[in-house]
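Each in structure tokens, the structures are laid out below.
Consider the two complexes below, in which chain A is the common component and chain B and chain C are the respective partners.
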Partner chain A sequence: MTVGGAESALFWIAGPLAVAGALALLFARKAVHAAVGMATAMIVLGIFYIAQQAEFLGVIQIFVYSGAVMMLFLFVIMLIGVDSSDSLVETIRGQRWAGLLLAAGLAAITIAGIGKAAFGTPRGLAEANKDGNVSGAARLIFGDYVWAFEATSALLITAALGAMLLAHRERLTPKATQADWSRERIRSGENVAGLPAPGVYARHNAVDTPALLPDGSPAELSISRVLRARGQVGTTGALTQVTQEIEHEVGDESDEQATTRKDDDA
Partner chain B sequence: MSTLAALAATTDNPVADFGDTPWWLSLVKALLVFVFLLINTLLVIWFERRVIGRMQQRPGPNRAGPFGLLQTLADGVKLALKEDIVPKAADKIMFWAAPAIAGAMAFVSFAIIPMGGTVWMFGHKTPLQLTDTPIATLLVLAVAGVGVYGIVLAGWSSGSTYPLLGGLRSSAQVISYEIAMGLALVAVFLYAGSMSTSQIVFAQNDLWYIVPAFFSFVVYVITMVGETNRLPFDLAEGEGELTGGFHTEYSSLKFAMFFLGEYVNMFTVSALATTLFLGGPAAPPGIAAIGDGMLNGGWWGLLWFVVKLWLFMFFFVWLRGSLPRVRYDQFMRLGWKVLIPTTLVWVVMVAFIRAAELGFLGDSKVSLLGRDFPRATLFIIACIALAVLVAAWFYDNHQVKRRAELEEARAMDEEIDPFAGGHPVPPLPGQRLVEPPLALSAARPAPVTDSGSEENRG
Partner chain C sequence: MTAALSSVPAADFVATKVEYAAVLPMFIVFGMALVGVLVEAFAPRRVRYPIQLVLTLGGLVAAFLVLVLYSRDHQAKTAGGAIVIDGPALFLQGTVLVLGAVGLLAMAERLDSAAPDTFTQSGSAVPGSPQEAAAVRMGATTTEVFPLVLFAISGMMMFPAAGDLLTMFVALEVLSLPLYILTGLARRRRLLSQEASLKYFLLGAFSSAFFLFGSALIYGFAGSVRFGEIAKAVPQVGGMDSIAVPGVLLIAVGLLFKIGAVPFHSWTPDVYQGAPTPVTGFMAACTKIAAFGALLRVLYVAFEGLRWNWQPVVAVVAALTMIVGAVLSVTQTDVKRLLAYSSITHAGFVLVGVLAMDRTGVSSTMFYLVAYGFSTIAAFALIALVRSSGSEATHLSQWAGLGKSSPVLAGAFSFLMLAFAGIPLTSGFTAKFAVFGAAIAHDGTWLAVIGVLASAVTAFVYVRVIVLMYFSEPSGDTAVLTPSVLTSTAVTIGVAATLLLGIVPSPLLDLAHDSSLFLP
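Coming up: the complex of A and B.
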């Protein structure tokens, strides 16, 4: 069997790329790098399918596996922030040995199965793609293997429903809408216009710096309670001092400030 | 089974014949497509700013070159000369790779777009299309799926909160709208019996698919705006909420790659809409009849294709000039709860119509307006119309009942006089405003009696 020049060029460029992606999946430190490596390997596999004239399979491989499935993986990794150190903790005792044993068993069964497989004489691409590649695949899926295909899809849908059922929580009260919150604020008469926004100063603004009330004291309500719980609230003292110094330089300070400064100087 | 096999064999593969296209000619065509897209991007940015300027009653950029045409070029040079900043917390490899992915993937899809008829080029007879495969249209969706990696990785690798949120939003948006888009395309595949772009264009000889697949066209146009992150669906870079979204931390040429990618993506989705619904490079119905189709096909196709493409670009600009940004949850609700279910129902309806047309549901025909329609097609269309009517009737009844309930609830509210305290006070929850009848007559412009007071106002 001979391979054309263009196809072998493609193989020698894309093949190492796929291997590099697969190795990145195994050895990358960051979980996102591993996920991207896996996506690369899948995309290159799809390109190989296309090169071997299984166009439909190749494009669906890229579309479904790297476009949708890997993207969901990436979503979860980014949102939860999985670290490589997490995976080394053994939560169930003896889990690693049991896992290795099961993997070896699976490998043995698979190798035995594949080793026994007998190949008929190849019919050739011309006959396989006689009615066009898509129609050929459609005939296999919805003709010869329709039961296997439908059973698999039923299994997948059941799994998805099961996952949804496990993650679902029944809401006991109706969810408060924006309008409900606004009505509630007006009824209680507190913070009718919403909570105050965090500090915006002449030369500085940040969510961790509280706004100043008219009397100069910091408004505690303007800081997110998460930041307060973490103890990440900035102080206003330094900022007001800088502002006052600038005001002093340009001669734009209030009388009260001027007198206190004179007292300090004296 | 035998009819199905015969049908498939004739329409599965592309019509376009690449037999007389040597590899160097493909390379030339690839280069031409690339240059075409770059020049169009330069033009469309200028076009967008000028048209939006007109819509907002100001001239828009008009200094650099004739009509300000060179403004984009000047901006591009300025962008390239800016400092390239990489944040300290950024993941260097991914921060570099993300704009490359986003920029490169934008160009790939255009390879399968038929931009004209068959022409003579350097002594070879070749279609004005880089390539075509039996799954060409799916390739666009697959490439868009890979292009999302550019956005997601840009958001993650910046090492900052707003880009991460923008990236996640953007990818969720593109993935969910890709589903509705794919479903909308299914109707076209059913009519054409193929996913090859040249075959779909060929099948529209008789009638552009915007007519039989009108609902798919509407859904596709909505989803293509969502897919390209353009206003009113540009939630990934909502300035008021996320500063710049996924590209907040990018500058210089890396930012330019995202910018370029966005505009090329607009061209790609518009070109796909042109190909699937507006007959691609075919001349418009009136012009196609002139001189036995002398203005149809060959290099003329490129003209019609570009005209249709730019109509869509104008539509994009028009949307941006007239619509505000939607809220994110409303946008997702539209995608998942409205577009996907309705398109699913639509695809099933089209499948029945198509089956009737192909004679799977009986062969008897009825002559109507000089054309033969299968009896089954008419029966199915009548059934669909009836179902739509019944649904509309139920919906209307429901609305009337709800409005009556609301009225009743309002009647329960306590009436207050807003001027009771001497100055107007808005009603609290549970209270109802009684508009004093005098307020309406007072709002009307009073006949001018004293000219002196008018002058004071001015």
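Coming up: the complex of A and C.
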């Protein structure tokens, strides 16, 4: 079994890349970095498959793993937040070292075993790719292993059903329409005209900037409660200060504001 | 392009033949699961429960009848060798169908009310949240569990009938995935249930990886994943034992995990405690049956020639399983955890039978699985009835004095405990006798001795529960609910089978013996 110069060059360039990607998956502190490392490893594996004349497998590897599965991972990371990272505190003392030791032992035994084995002569690719690579894979999937292939449909259905059960919140009551909301507001007598819109100013407007009430204080209701929960509400201090300064210059300052400003200066 | 297309000889593709008569029971169960999914999609919420109950039970009964009356005469190696319907496969499939139906009766319990009792109304709502309360108020149901149970059962039927490692792996996942979901759907103590589900899922995925790794090594060794080919390759291939032996052991790890053998047992107590109680019974009975069926086929059909390599390892695992299970069950204070450790010990007893390596090994193993399955489903169905302030009273102290307040439940539970302990005139005695007899006849006397000692230790545990129920004063507000006809039927079947298999075991023993030959 000989490996051509180009193929060995590819191996020695792409191989370390795959290993680096896999290690990044293990050791990256941030979920996004881990995902990128995993994508690298997956794509390089796909390249290896293609180089070994398993074109179908290589393309599927890149399409399905790097494409679909990685996208799913990224969606999950998006949902749980880029910033969230796992706590690396050990709950069982010495677990990491014990785990490493056992893993090293298993690796040593397996490598020693496989290294010692006397492999027979390989049957070669010619036989497997006799009818073309895709046809050969199709023959196996729809011929010899059609039962296993069909049985995986049960897995997909179960997974879909489980996702619905564990993640989908069934709507139990009809969704409230705009008319319903309006009726509800008038009945309760609160915010009859709807909630105030966020701040719209001459030089600045954004959903995270609260509107100002007549007395100059920010209107809490004008900001989405999601933004408030995340602590992403903008401040109005600078805006009111600019206004006050202009009012001060044109001499249109109320007594109350003047006193607070003097206090601030002091 | 045209050249590439014309070089493909599409005409000489021969579709794999499937002996439909042999696999019809599996098709029925799988088909009913699909119908159940459609019912979930289109039937109004109120009628889903009765439709699903009738469909699921009807499907299981129909599959069992077809199996007994029709498929039995069409034993075959089919689907290109992926499925082997032989004596052990048929016996275990029939057992899974019967026990699945009995377990389903307990799972469908609603205590004569319209609300579901075992499963949460809203699996997606955060425990204790307003959404959950709203779901309860609006009468939401989780009838998806019925198709999930059917999917699990179809996987359990495929597992012992798999003719190659690939099919076996797919079957392993088909049976596991629904169980992971079912585990997380308990109605009470939902956080515990969800934690159990996640633990089960993570450890199960881990063990599946072991199985897959082993399969890859074996494929490298034998050049095929078919058990028949592997068995042929074992004596021929020299100098590759160092791949074959790790391969067998890794595959065994995957299967021993499902069985719950020490040292792969750590998930068992947590999952058995967290899962909805009737689901625990179903898992304990049917998963064990399927997994032992698969283990028997792998060890007896594919790797019989390597037995001098793996047999000592499995023997040590069996001994450890019995010892650890028995010792740890002594310290348990929770009934469900106690039965979980008891199930670990029982897995050890069955492994002793597996190690006999001939027909008696197969038949005694299968008999043990049937006996244990009936008792354990009934036991967990009974545990689900004991309540304290709206929640299941699983702490042992809450069971004090049940003999006085509810003599029927205490009597039935005591009887099942005696069967677990292996007292004569119960199925447990006959089953233990069969496996230990098989072991002694085949150089496994030391294992049988350990087994008897472990039985003695566990007998102490079971008797302690009985003493607690009958000879101590009731405390707290423990109450026993009156079950509907569903649980009553399940418990009656379980107790009756436990008694019958103890008094007249010979028909089932003969059946197990007659169906103990694997197709090569």
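The definition used in the following text is that the second predicted complex is superposed on the first by the 147 of 266 C-alpha atoms of A that agree within 3 Å, B and C clash if a C-alpha of one lies under 4 Å from a C-alpha of the other, contacts with A are read in each partner's own complex, and residues count from 1 in each chain.
Note that in this section contacts are C-beta pairs under 8 Å (C-beta built on N, C-alpha and C of every residue); 3 or more make two chains touch, one makes a residue touch a chain.
All values derive from a computational prediction rather than experimental measurement.
> Now for A:113: first (chain B), second (chain C), both, or neither, which partner does it touch?
second
> Answer with first, second, both or neither: which of chain B and chain C does A:63 touch in the superposed model?
A:63 contacts chain B only, not chain C.
> First (chain B), second (chain C), both or neither: which does A:132 touch?
After superposition on chain A, A:132 lies in contact with both partners, chain B and chain C.
> I'd like to know which partner A:228 touches here: chain B for first, chain C for second, both or neither.
neither
> Once chain A of both complexes is superposed, is A:248 in touch with chain B (first), chain C (second), both, or neither?
neither
> After superposition on the shared chain, which partner residues are touched by A:96: those of chain B (first), chain C (second), both, or neither?
Neither chain B nor chain C is touched by A:96.
> Of the two partner chains, chain B (first) and chain C (second), which one does A:78 touch, if any: first, second, both, or neither?
Once the two structures are laid over each other on A, A:78 reaches chain B alone.
> What residues on chain A does chain C touch that chain B touches too?
Common interface on chain A, chain B vs chain C: 131-132, 135.
> Which chain B residues qualify as touching chain A in the complex?
Residues of chain B touching chain A: 5, 8-9, 11-13, 23, 91, 93-94, 133-135, 138-139, 141-142, 144-146, 148-149, 152-153, 155-156, 164, 167-168, 171-172, 175, 178, 195, 428-429.
> Mind pulling up the chain A residues that touch chain C in the complex?
109-110, 112-114, 116-120, 123, 131-132, 135, 139, 142-148, 151-152, 154-155, 157-159, 161-162, 164-170, 172-173
> Quick check on the complex: what are the chain A residues that touch chain B?
Within the complex, chain A touches chain B at residues 6, 30, 32-33, 36, 39, 43, 46, 50, 55-56, 59-60, 62-63, 66-68, 71, 74-75, 78-79, 130-135, 138, 183, 186-187.
> Considering only the defined contacts, which chain C positions touch chain A in the complex?
4, 7-9, 13-16, 18, 30, 33-34, 37, 40, 79-83, 122-125, 131, 134-135, 138, 140, 142, 144, 147-148, 151, 154-155, 158, 164, 166-167, 169-171, 173-174, 177-178, 180-181, 184-185, 217, 220-221, 223, 237-243, 245-246
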